[in-house]
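What follows is a set of structures to go through.
Both complexes below contain subunit A, partnered by subunit B and then by subunit C.
So, the complex of A and B:
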């Protein structure tokens, strides 16, 4: 009896909690390493991405895949929900993207292949993922994009002008089986910046319960036009921090920034072979 | 913006109307899920009235998609009503209406 009381009151629950904490920390390490890895190097251009989970681990995702034709495939996504369940599906999304990117011609096809691979699992789990996929062609300076229910990227043209990429149709991954995704292409000029993001930025709350919203995001992007991608990234996070004034982050925050510098952009690989044109 | 949701159920003959107001997100959605799960047999149509909805996140949207799938299985109709402009735009971006049309027309 005495022994039983000891075991009920004492260390077993603590050990379980510690084990759980350790495992969550390990899961966080895995996710942060997979997410915030090396950015591909671009000559005469820059690309960067960052993901800040609201909890220890999160459901946002971004990735880059260098294609053998010299284009760079960019993906950013947001899994329904938060925390550990969302993180598990984020890993599933990453696998689907990596596998689809290799065998598909464009971002629309990539999203179709990802949806085909993930649809049954997502329906079984009652979940979905929004994803924006884009191919950056450094020779033509064109961005071809497709959306599976995700926010469209913003293009910062000058200190006075920022616009959202033209609308295209496409439902979230896990929404409908065997669906296809429209594509659209836009030209990106020298010194312009493309900003891909998740709604954790625009929905960040301050102490009065107000959201950061797209207006503040656009103002921050215009005000900081001309900065390099890392400085811009920092300006955005600082601007959100200043706005939220230490209100705990409710949703994961993820952004990918692509900037075209002067002269022709050439991609140099970090993990895949580059075939020169 | 308060972090709470209020769900009021009204039954009118074989129609169930759910009046949803406040914030429908990851932390508040339980009452909405409970009302959906308690929809009785014999209901032919569920109208979700979002007139007082201030904010909805991906988990809230997921619960609506799941309601549409459940309606398809249990053979009742779903209608979304009173959506403000901002949420309408969000639903259009994510593809909520397209999914509803496809499922309710037997596309799945």
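So, the complex of A and C:
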């Protein structure tokens, strides 16, 4: 018994490595399960999200939350840094979003509440998080969004046209205390696709040290206009893979795709938490 | 890989950063640059040779400026490339660090 305790407290270097590896794998499983939950099913529309960490675990984040007024709240974020430290803060961000989403009216208010909840911790840790939050109204087909220093979504209108949602300012979470966030709304027409993303996509490097950049992303989106969200997701990842060849992925890559089909869109199921099962 | 050079004039120090400011620069900024800079009264950091700053790099820059300010060091940042400054504005970095920091 004593010997066993002793060996647990003072593991050999090999055991230490194994323990660490096991714990990282477990942490990865937890993160992957929390992150890649069920995508909401939308009648006459589709939504999908994917996150590919650069290391075993990452600091990117996306989530969906169905609001009682029938709208869907979408969030995508990028925690400063990579690996385990970023992953820990990503979980903090997820908690802040889930509690804020329930009690706030719009994406701007959600970001304010998230910043209020996280500001002190982020300052203590010398970190910050960029987040874009958007409410999708399936009846009015409007997307209302607010940004905490995050890049704005792209709207793919046709094989010839893609545009970035109009710019709005917003300080990243952890940047300034008690800050408020502007909102803007845009109409999304039938067959159009909204593409939310993190900078791991546009900043993916090839062998010559060249970045993928927004131009290549826009070209890929236009070229694949008309595909369903899963196929589009695959086209984007293939296009990045083809561009980067065998260069190791430097930053986490995350995207959320919302496509409006013909007719009115209704949200039929979602992955928001069951508070009282 | 991030590198830096310094030129000293009386109590003033001009620091020129060179290379991408990203997570790879963490040790250079936190373990070399900050401990060296806290001994000066006035510092300018030139980003002329910094073509790219990612989210980790911005965190390093915030940490650098805030640490020096806490030590009552007067700090300014100059020669930011257009592409980089566009990202700084997106996250409202001038508001966070103080408008007077960027010259």
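Note that the second predicted complex is superposed on the first by the 259 of 277 C-alpha atoms of A that agree within 3 Å, B and C clash if a C-alpha of one lies under 4 Å from a C-alpha of the other, contacts with A are read in each partner's own complex, and residues count from 1 in each chain.
The rule is short, and it goes like this: a residue touches a chain if its C-beta (ideal position, glycine included) is under 8 Å from a C-beta of that chain, and two chains touch if they have at least 3 such contacts.
What you are looking at is a predicted structure, and each value in this text was computed from that prediction instead of being measured.
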Superposition on subunit A - do subunit B and subunit C clash or fit: clash
Partner chain(s) touched by A:128 [first = subunit B, second = subunit C, both, neither]: both
Partner chain in contact with A:80 - subunit B first, subunit C second, else both or neither: both
Which of subunit B and subunit C A:205 touches, first, second, both or neither: first
Which of subunit B and subunit C A:177 touches, first, second, both or neither: first
Chain touching more of subunit A, residue-wise (subunit B, subunit C): B
Subunit B versus subunit C as contact partner of A:151, first or second or both or neither: both
First (subunit B), second (subunit C), both or neither touched by A:16: neither
First (subunit B), second (subunit C), both or neither touched by A:251: both
Footprint overlap on subunit A, where subunit B in one structure and subunit C in the other make contact: 78-82, 126-128, 130, 149, 151, 169-172, 175-176, 199, 203, 251
In the complex with subunit C, residue positions of subunit A that touch it: 78-82, 126-128, 130, 149, 151, 167, 169-172, 175-176, 199, 203, 251
Complex contacts: residues of subunit A adjacent to subunit B: 78-82, 123, 126-128, 130, 147-151, 169-172, 175-177, 199, 203, 205, 209-211, 251
For the subunit B and subunit A complex, residues of the former touching the latter: 1-2, 26, 55, 57-59, 61-62, 65-66, 69, 93-95, 98-99, 102, 107-108
Residue ranges of subunit C in contact with subunit A within the complex: 23, 52, 54-56, 58-59, 62-63, 89-92, 95-96
